[in-house]
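First chain A sits with chain B, and in the next complex the same chain sits with chain C.
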Partner chain A sequence: MGKIKVKVLRHDPEGKVKDKFDEFEVSVEEKSTVLEALMKIYDTRDSSLAFEHGCRAQNCGLCVVNLNGHPRYACMARITADAEITPLKHLPLIRDLVFDRRPFFSYLAKFRPYVVREKDPDEEPETLLQPPEHSKLMSCRECFACLSSCPTYDCQNDSFGGPLGFVKLAQLHYDRRDCLDRVSQAREMGILNCMDCSACTCISGIPLNKIVIRPFLALLGEGSDD
Partner chain B sequence: MIEKSCDLLCIGGGGAGVTAAIVAGEKGADVILVSKDHIGYGNTRIIGGIMTYGSLDAFREGEDLFQDMIVGGEYLNNQKLCRILARDAHDAAILLERFGGMVNRNRQGKISAEVLMQPGGHTAPRVLVLPSTGPGVGQGLSQGVSRSENIRTLEKTIVFDLLKEDGKVLGAVCWQLTSGEIIVIKAKKTLIATGGGGWIYYPHTDTSRATTGDGFALALNAGAELVDMEQIQYIPFSLTHPSGMLGIVVGEPFTAGPAGILTNVHGKEILSGVALKTRAQVANAIILEVEKGNGTKHGGCLLDLKANKDHPQGKFLYQSYSEGLFKPFTDIIRKAYGPKEADWEAPWDVYPSAHYFMGGIVINEWGEVRGVENLLACGEVTGGVHGGNRLGSVSMTELFVFGKRAGERAALEITGQDAPEVNRSLIDFQVERLKSMIGKKGKCRVIQLKRELQKAMWEKVGPVREEKKLKEGLRIFSAIEEKLPDMTISGMNKYNTELFDALELRFMLSVAKSVALSALARKESRGSHIRLDYPEKDDRSWLKNVIIKKDPVTEISVHLRPVELTRLRPEMG
Partner chain C sequence: MKHTFDAIIVGSGGSGLYAALEVSAKAKTAVLSKVYPVRSHTGAAQGGISAALGNVEADDPRWHAFDTVKGGDYLVDQQAAMLMAEEAVQAVYDLENRGLPFNRTPDGRIDQRRFGGHTRNFGEAPVRRACYAADRTGHMILQTLYQQCIKNGVHFYDEYQVLDLALKDNQCAGVVALQLSTGEIHVFEAKTVLFATGGFGRMFKITSNAYANTGDGPAICARRGIPLQDMEFFQFHPTGIKGLGILISEAVRGEGGILRNNRNERFMARFAPTLLDLAPRDMVSRAIMTEIRSGNGIRGDRKIDDYVHLDATHLGKETLQSKLPDITDFCKTYLGIDPAENPIPVLPTAHYGMGGIPTDTHGRVVIDNKGTLIHGLYAVGECACVSVHGANRLGTNSLLDLVVFGRRAGRHMADYVNHGDPAGIATDATDFSREWITRLTAKKKGPHGGRIFDKMQRTMMEKVGIYRTETHMARAVGEIQTLRERYMMVRAEDRRNAFNTDLLELIELGNLLDLSLITAVSALNRRESRGAHSREDYPDRDDPQWLKHTLARLEKDDVGLTYKDVDVSLWKPKPRTY
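The block that comes next holds the complex of A and B.
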């Protein structure tokens, strides 16, 4: 394919310069990925460029970026000429494409984000049925892309946990071992804001609206559970 | 600089480190869990999703699993450790579920024969499927950590070096990527669970970028022994192209199914009965065939799975690839090769890639590191459990079984002990060493040295080895080492990845040398170690472990130690 130009949004936490696009020329092949391009820039041009990556096989979810405005795993998305690479939206940035995950998890901690049992099982391994929704939800990459696609989420605003917050509650709601009322927690986390919205998307294929948002709303007596 | 102290410092946020931290915390220890990526990540986060359970019959005490591990490991294993793992295998599933994860069951919610599978090298179905693969395990582990009141976590924090005085480890000096802060942690006990070193072969690997082998180097430097570092598992079925996906795993011997065939570029079958063979056997067949000049233009062999589609058992395997647990592999095949390959209509171009380090830190049955006081280790960073070949799915079991033992042991010894006194000058010395790297000016770029090292690892110390190449590799590593003082490292405060890379590069150099020296020492081909100049396995001379140690004069010394064949020994003709 030859050489193409890509733009990457730069964010400097030391605040010396305002966020701006840097343009880089990179040589790519037909199936080259966004991650390959970022790594090439890092390797050959600018080792201050900050981005995360882990497994190169869309398992870890760490390399998620916005590609021309849409969240994508950099390791699997093809790079194209004039691509614009920006960080996910609505999240606290650390540098360039890297955002801080900690504030979200500190917020989540208030909801006891783990299985709370009434009593320990009589024998282990116990007899246990796993609803298909649970196994699907536990494959969440925790990549934060859903928060970027949500029009309401704002990391500064504690009254709304956003789709990732609801996914974390739903994981426990569908877990037969857990005894806390995760539905009330969803209300507390602001799920009523989602009544007239279904904008959030999961890029690893979890049907958020169908198995998370609508069922919670239905259990709260708001809207139908289809 | 920030200073903290704790009872137990756990280094590594994968399955091994998290298990040890939770278990020690439950026993009352005050734990700090440090990870250079996030908690619940590492290679644990990206597993395909299989875990050895053992036989359903608890009274059999895993004797058959034990035997398979030793035979598969070609008798290099530490049989005492294998005995424990085989006996306690059920505990792994139980612990994972206590933390918050879940294993697959039948429709009645029970673990039964129908849900157990049999990866290559296992002689019976005894392996559980983890329904949400790596992310499911990772999130299960994070649940366990957030439930615990005794664990403080530090993420994106890399351990730079251990604090050590008079043969005792007293904690570690760390640097936090996100804040740029230097953090000194004083600890009564320190546990290394930093995983393997697969990334040292990038791009010819399917492992996480966090696996640069840091713990091998930290332990070696503290006086520990490393065993059989030449034994690196290459997973046989990985992608040969396109460049961005090179090395990504798409299967294991069992993927071949009852009817799949593995051929060279001319269509000639190179190994029969692939599905039941060990990973080393299958990988070695491919490696040697390509070495003979019979590889594809991408340097691989061809795995043709089509016949499985009409085979009574093969059909199920096809289904699990098209819509079941293994669908993620199919998604990757489709992206890399195309729809025909994804539908098993056209063969896959495959070549082994670096997947797992069988060798590692020498520990006893409680995860205590031989020769170093206050130091424990568990997980992939340790050696001995898998010998010359790891059977698929045993690693997950190992993390929990030995993570638990190490966590218990650490907690037991901590009670009643005073907080360690660490000499101020020792801390200052280490902190100054770290500081001197920040903002250094020189002529070499860190990342280029890192890439040179990775290239040399694959080409000279990779799947095909011989004396000449190994020595060339060692020369390249020395040349890179000489350039270390001349590196340019950014002085940027937050998220200074250049400094992070430089810290990893130092570890990677020790690991590279340890692997090359061990590979040079083992003058035979055994397990996953292929020497073109010594192509045969030699039981008469080589039932020996290769041990690496720090040496005041030569820096690293190599020793041979007869394997302790406590229960099983090979038949010798």
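The block that comes next holds the complex of A and C.
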């Protein structure tokens, strides 16, 4: 493919500089990914560029960025000429493309985000069939892309947990072993303020609206469960 | 800043989280991790966790233990392997009860599938032993364990890079770590510390490992005078995506995928007539390289980057989609092909270190042949060496190792915490770390780390890779020593405090250089071929001379070697055929 220009948003918490775009020229191949382009910038142009990356195989969810405004795993998305790479939105930025995941997990901890059983299980496993929604939801990478694409979510507003919060509750709601009322928790988490706009996207392909938002709203007597 | 806990766990992969879960039931526990929990490399383990449940066909823990010993080319400590195979069954039930969503048989029991080297009745035929959760078994294990750790009130220090271990005589006192978001150095005082820092595959150019797999725990131990065991044994997984090393899970062959050469021949029939494509990984990787060298690679030019095909086209779109969904995505992204329609171009990729910090079956660090302990110090998972994997690990035994030994170490730590006095951390505990960081960030000119990193990875890949010789390895030792000298002058270009990836990478490079040296020297000295250590100048296994574990001590610019007995109390070593 040859040389292309890529724009990356820079955020520096220590300097007095406002957020700005830096443009880099990098040579890439036809199948090069966004992560490969970022690595190339880091290796050959500017080693102060901060971005996170892990497994290169869409497992760890670390390398998520907004590519031309849409959340993508950098390791799996192809780079294109004039691509604009920005950090996820609505989240506390640490530096450049790196954001802080901790506040969300501290917030989530209030909702007892683990299987709570009425009584301890026997040593031997039960013959158990979970509903299909459960295994779909368990493939959540906690990459935070859904929070970035939600117009209502804001990390500074505790009254709305956002799609990721609802997914974490739904994982437990569909788990036949869990005995807590996760539907009421979804209300506490502010799901009634969800605009049901279907803007939240899941890179891993979890149908958020269909198996998380709508069912919770229906159980709370809002909207239709179609 | 100083923090005090009863127990510190370094690493938030499967073994670290399992240990944290156990120890936190009785003691104030913190987990330090360079990546966020649930993002550790355990999450990349696709295939499964083996246990002789016998849910879909007859199985027996003794068969599992024997397969593990034979798979490890008899360098496995046999009682440890037996213990792992026996505890596997309860470990899987335990995970299930904690919430892991295993795939089920139509009647609701945990489903099982085939994996390389796992057989029925001591080698007769492949057996279905791997329990799995789609091709996301590792990810699901992390999710499940993390939830339980939160429930137990474990303190998480996310994105902290461990720099040093504090010891007082033969007792552990705590660790020193760098907070990545601020660049601040923290001291964690604790009576007991467990290293669960995972692998070190990034010492090789082509690897399946994540960027974080830089062997921080073993390197820190080595610098503190603790020997590392069996570091010459590094597994190359047969099926990495050509050129990139990204893993195509062995589950593809477990489900029926076949390796083919340029004549469309199923060449594994010549190398392992009984197990075929499901022979242990070291054998399959060597078979692929032998085919390429004989001109049977797909291009047929005998060059080192020629490749073979992994054919999954006959499995059908539906099986690929339901049982191996991620594989299809990788192939489309990185190769532009659909595995349901085209064979996948593959080459071996550096995957798993069998060696590491030497421990007993409670995860306690043992530093010599006499059983001398560092009190309060533990290690589990890939960074440790129990040794249950010997000279070559079987697929699905790593997740098992994490769970079984993570649990055992956590329980032992919980007891240890309640006995004796803490060592107390010395006031100069951070000196080494501060000097290191100061040197790397000093405002002087110095070489850039990137070139040294690249050179190290190439040296290890080309000279200490699948096939090894005296000449190449001796050269590798010299090259790594030179790189370690140059490393002393290296400087970070980025001098900010917040999330300085440049600095982090230099710290990791320092760790990998130390481990590369230990690996190369251990390999050079072992004059035989066993499991993943395959020497062209000594092609046979030599039990009279070499049925022993290596213990390698880092001594400044050199490595001192001693050896340790192997437990062969259950099965006498035999030639290894499949």
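Just so it is clear, the second predicted complex is superposed on the first by the 222 of 226 C-alpha atoms of A that agree within 3 Å, B and C clash if a C-alpha of one lies under 4 Å from a C-alpha of the other, contacts with A are read in each partner's own complex, and residues count from 1 in each chain.
By our rule, contacts are C-beta pairs under 8 Å (C-beta built on N, C-alpha and C of every residue); 3 or more make two chains touch, one makes a residue touch a chain.
Just so it is clear, the model here is predicted, and its values are computed rather than measured.
Q: Once chain A of both complexes is superposed, is A:L128 in touch with chain B (first), chain C (second), both, or neither?
A: Both: A:L128 reaches chain B and chain C.
Q: For A:M76 in the superposed arrangement: first (chain B), second (chain C), both or neither?
A: both
Q: For A:N68, decide between first (touching chain B), second (touching chain C), both and neither.
A: neither
Q: Which of the two partners, first being chain B and second being chain C, lies in contact with A:S32: first, second, both, or neither?
A: After superposition on chain A, A:S32 lies in contact with chain B alone.
Q: Looking at chain A, which of its residues have contacts with both chain B and chain C?
A: 13-14, 31, 33, 42-43, 47-48, 50, 53-62, 76, 94-96, 98, 100-102, 109, 113-115, 124-125, 127-130, 134-135, 138-139, 141-142, 175
Q: Help me check something: in the complex, which residues belonging to chain C touch chain A?
A: Chain C residues touching chain A: 35-36, 38-41, 43-44, 90, 93, 96-99, 101, 104, 107-110, 133-134, 136, 138-140, 143, 147-148, 150-151, 156, 158, 181, 210-212, 244, 246-247, 326, 329-330, 333-336, 448, 450, 492-494, 496-502.
Q: Where on chain A is chain C touching in the complex?
A: Chain A reaches chain C through residues 12-14, 31, 33, 42-43, 47-51, 53-62, 76, 78, 94-96, 98, 100-102, 105, 109, 112-115, 121, 123-125, 127-130, 134-135, 138-139, 141-142, 175, 177.
Q: Which residues of chain B touch chain A once you look at their complex with the stated criterion?
A: Against chain A, chain B makes touches at 37-38, 41, 45-46, 90, 93-94, 97-98, 100-105, 108-111, 131-136, 139-140, 143-144, 146-147, 155, 178, 206-210, 242-245, 247-249, 328, 331-332, 335-336, 445-448, 451, 490, 492-495, 497-498, 501.
Q: Of all residues in chain A, which touch chain B in the complex?
A: Counting only chain A, the residues touching chain B are 13-14, 29-33, 35-36, 42-43, 47-48, 50, 53-62, 75-76, 94-96, 98, 100-102, 109, 113-115, 124-130, 134-136, 138-142, 171, 175.
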